[in-house]
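Naming follows writing order (A, B and C), and every chain is counted from residue 1.
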Amino acid sequence: MLSPAGPKADSVAVLWWILFWISVAVSVVVIAMMLWAALFRRKETTVKHDSGQRFVLVLGVAIPAAILIGTFGLSVGGIAGNADPPTSTQVTIEVTGHRWWWEVRYPEAGFATANEIHVPAGTPVRLRLRTADVIHSFWVPELMPKIDLLPRRVNETWFSADHPGVYRGQCAEFCGTQHSHMAFSVVAQPPAAFQAWLDQQSAPVTAPDTEQERQGLAVLESSSCATCHTVRGTEADGDLGPDLTHVGSRDRLAAGAIPNTFGYMAGWVSNSQTVKPGNLMPPQQLTPDELRAVVTYLQSLE
Amino acid sequence: MTTLQSRTTAASAVRPDRQAPERPAGHTTAWWGMVLFLSSEATTFACLLASYFYVRFADPGPWPPATAPPPELFWSSLETGALVLSCVPMAVAVRAAKGGRRGALVLSQVVVWLLGAAFVCFQVLDYVVTYPESTISEDAFGSLSYTITGLHTVHVIAGLLMVLVLIASTAVGRLGKRRPEPVGIVALYWYFLAALSVAVYLVVYISPYW
Amino acid sequence: MSASWVLPERRVAEAAVGEVLDEVWEEEPGLKGWVTTVNHKRIGRRYLVTAGLFFALSGIQALVMRTQLIGPEADVVSPEVYNQLFSLHGTTMIFFFATPMLFGFGNFFLPLMIGTRDMAFPRLNAFSYWVFLMSGAFMFASLPFGVAPNGGWFAYVPLTADFAPGLNIDFYTLGLLFLGVSTTVGAINFIVTALKMRAPGMTLSRVPLFVWGVVTTSFMVLFALPPLNVANLMLFMDRRFETKFFAPEHGGDVVLWQHLFWIFGHPDVYIIVLPALGIISSVIPTFSRRSIVAYPLVVLATVATGIISFGVWVHHMFAVGLANVSLTFFSAATLAITIPGGIQMLAWVGTMLRGRIVMTTAMLYSCGFIVAFMLGGVTGVMFAVVPFDQQITDSYFVVAHFHYVLFGGAVLPILAGLFYWWPKMTGRMTSPRWGIWSFVLVFVGFNLTFFPMHISGLLGMPRRIYTYEDGLGWNAWNLAATLGSYVLAVGLLLTVAIFAHSLFRGPRAPDDPWGANTLEWATGSPPKHYNFPVVPTVHSLDPMWDGKTLQTMETHRHDDERTMTEEHMALRTSELDGRFEAVMPMPSDTPVPFVVALAMLAGFTALLFSAYVVAYVATAMVALSVTWWLWHRPGVE
């Protein structure tokens, strides 16, 4: 949050520096008085026996009150300033929190992905947040403050990224065993690149090219995978786990826990519990062959 | 009472059994103890009643929910009436204790006890006769209604126990003119129960009709 | 012990009635006396020792956590264990260490400071200790079995409802409900004692600030615990009996929990801190050699903190998505609560500036406290700015804030209080030289542990994570914090060693080793069972200094109303101006409080294991033993 990259985080960073300097000033004054007394009023024999009310009223009431009224102005200004986006939003994204991953839906384009949120740089994006289970909290320190995801409620907000780049986000409300591994990334792209990404993601998968990939698809459809995962264009249409339609295109797997490479994915599928203990995907009983096939297939889903 | 007077009574009060026959000036520690305890209890019920309205207004659906029967007023009105009425014999008991009339004290306490017991019976009848089907685990409406009335009833049962102890103490002569205080303190608790029953009645039984 | 160390006035008073009183107040020796005692000083000492033990246990949990966080992807404990560790650490530090520790000071010193012989309800006092001990044992017992609470110290639903199988959360709800009994009756006891048992002449404007702190805290307990109890009752029932308070799909609401919890939770942090501030207000005047500056304002600030603190709870929920009006209101209220904080802070600094400072260990800790509370306070004020809070909430910055105010604002005063009152409690002095080392290590360790957390928070590190990736810029700050916590642990161990050494080898302490201002120093070190042979008449806010109050212990030594030599007895005075009302008979030793607490422990354990029949039996036992208790009122036997 010290390196803001969007208007919302910008305004908070400004607030922070104001508050920081106020705090330094106030603390230095008080601590200096205390130290002065502690150091230099030890030998002194004259104890003043006045009531000292005025000292407290001025330094402890009047001056703080003035500072606090100013601070309240900051607070109110900040609340109002962040309420609405500077320009109207082009894209709406629906994020649903799951233990312990993020479902990301683009309702206009009509597809879902997971843990990776692509946005056009420079334009505000509308967020619609809900949860499938417990309370989570959506936080991208460099772009926007937190907002919680609550059962039976929909929280709406917006954010925007000034420049293309990848910004890390993480769940900020304790949500159980793997709260630590519930990260995501926001990928801000130039509008054209973003549009290309949208088009590519909204397409269903095409038929596999190689024999191994075909075997992988068969495993996926026939084994338990299909009860939890969706791969659009195939028979796999489960909704307990992340949508895998274009899983090969993602940078990381399992909400930021591991990089998306063949080896890591194979490790994940065969026993994700060693990678992210307590996560809700059970270990899969696959033969090495099947495993290799299904991972090869998934990796091909760009 | 002037300081001078209280000093003379207290001088004779050095031996506990010679303690002031009339009420000493100021409230006793026990009185304060009960008042503070009741303020905490009152807060507990205030939280429950506030939760009732919070849930009610957070829930977009109808209140009570379509599946739940609306509250019946027959038994609940009777029980609330009984508890409110019991304050009268309770007040009589307090006076009897101060005046040292042991017979009147026992009699009035017995009446209080019977009215309190009637309250508990009516509450149970309300549960089993009026809503034989519904349960505490049906929905938030049921959970709140049953918990509020149930917790209140538990308090009344505790009150019945206290009154029972008072009756017994009076009967064996541990209570009376010389130490009227416990009656007044139990009475505080009892009045609190009665006031609470009115609040519970208004919220749980009447407010769904608003 | 050189006799000149006994205050001359007390010597005269003891000579007149000490022997008789000794006999009247003597306690049963041995194990039986240990279980049956109702003496406030023994109970207070027990509170301190037990809470200190819980502090050590809970601190060791923190050390394990810090070790797990020493570097990225460390593998010291599993996520399940880590989650239990921080939940139990937070819960036990707040509920089983901080509040009871300060209640321990209150128990020992409140009656001494107001010049009476015991608490208003000594048997209830014993009861509240036993319940505290048993509920603490109940709560800590969960950890060895791997079923400690694991939902964080505020246990948000629905995570703790439908998504938490196992006994973990049941330990939490039942343990806190059980402890709540102790805290509530303890609070009633403090209030009544302070209202009705102050020595004659102690009008409200002469009440020591520590007593104001304890009494305000106690009032807050009475109104703050009910929402917590209601919330825990609802959660317990949701989990066990399938009620639907927090079940969104059946009309329940999850935010209800948050409101109930924080209506308790925010006042609770001041419940902890007010008596701690009271300790500081006792130490600083003594070692500044003058009366506290602006006493009426400080009293006002204490009470105002208590009241305003009930109106700020939503600042813990700024990220929930509540309406903007509500955010604005609670932002303002939160800022307002800074003013009483400022008043007290400036009163201490002002007192020091106008006085002559005597640098004892207790005073060192008080100065350390001022620094820590200042830094912790200003970060609190930052959170009042809503967008800033929404950005930084649930990050390590918050962890830094609350350790500055909890460790800095409560533990440092507790240490100051221990050093200050140790001679009074044990009759032994501690080593001033080692005291400096204790302070330096603790203060440096404390800052090294918690200051870096501000920075890791600003760098985006969320709280309650058992591990983090490399390359996020958090490594160095976490390493520093972990090393700091080791320094802190060494400092605390040294402190324990200093006290242990003093207990066996320390020089004897006189009645008033510091030249202090309040009445506890007019008693022996340690005080006799009856505290004051002759209850004095209080003439000022600083009775030890006014040259008149002590004199009255001599002049009244033949006055039956002040010596009360016949049985356990104490004075009752009027609420506002401390005028004599009556002499009250006080109870003596009894095992009943212990029995009631034991029956309750049986009941709560039965509830935990769903043995509801046993729970009914236990309830009946409680009812019976309480009846027995009420039957045997003092003065009627």
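Convention: a contact is a pair of C-beta atoms (placed from the backbone, for glycine too) under 8 Å apart; a residue touches a chain by one contact, two chains touch by 3 or more.
This is a predicted model, so every value here is computed, not measured.
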{"item": "Overall pattern in which the protein chains touch one another (line/ring/star/complete/other)", "value": "line"}
{"item": "Chain whose Cα centroid lies at the greatest distance from that of chain C", "value": "A"}
{"item": "Pair sharing more residue contacts (C-beta pairs) when A-C is set against B-C", "value": "A-C"}
{"item": "Where chain A and chain B are represented by their mean Cα positions, the distance between them in whole Å", "value": "52"}
{"item": "Rounded Å distance between chain A and chain C, as computed from the means of their C-alpha atoms", "value": "38"}
{"item": "Centre-to-centre distance between chain C and chain B (centres being mean Cα positions), rounded to whole Å", "value": "32"}
{"item": "Residues of chain C engaged with two or more neighbouring chains", "value": "253, 255"}
{"item": "Residue numbers on chain B that touch chain C, as the complex places them", "value": "3, 6-7, 9-11, 13-17, 19-20, 24-29, 32-33, 36-37, 39-41, 43-44, 46-48, 51, 54-55, 58-59, 61, 65, 136-144, 147, 161, 165, 169, 174, 179, 182"}
{"item": "Of chain A, residues touching chain C in the complex", "value": "1-2, 8-9, 11-12, 15-16, 19, 22-23, 26-27, 30-31, 33-38, 41-42, 44-53, 55-57, 59-61, 64-65, 68, 71-72, 74-76, 78-83, 99, 133-135, 137, 139, 141-142, 145-148, 150-153, 155, 168, 170-180, 256, 277-278"}
{"item": "In the complex with chain A, residue positions of chain C that touch it", "value": "78-80, 83, 151-152, 156, 158-159, 163, 248-249, 253-255, 288-291, 293-297, 319-321, 324, 327-328, 331-332, 335-336, 338-339, 342-359, 363, 367, 370-371, 374-375, 378-379, 381-382, 384-388, 390-395, 458-460, 462-469, 472"}
{"item": "Chain B partner contacts - residues on chain C that touch it in the complex", "value": "120-121, 184, 187-189, 191-192, 195-197, 222-223, 225-227, 229-230, 233-234, 237-238, 241-245, 247, 250-253, 255-256, 259-260, 263, 560-561, 564, 566-567, 569, 572, 574-575, 579-585, 623, 627, 630-631, 633-636"}
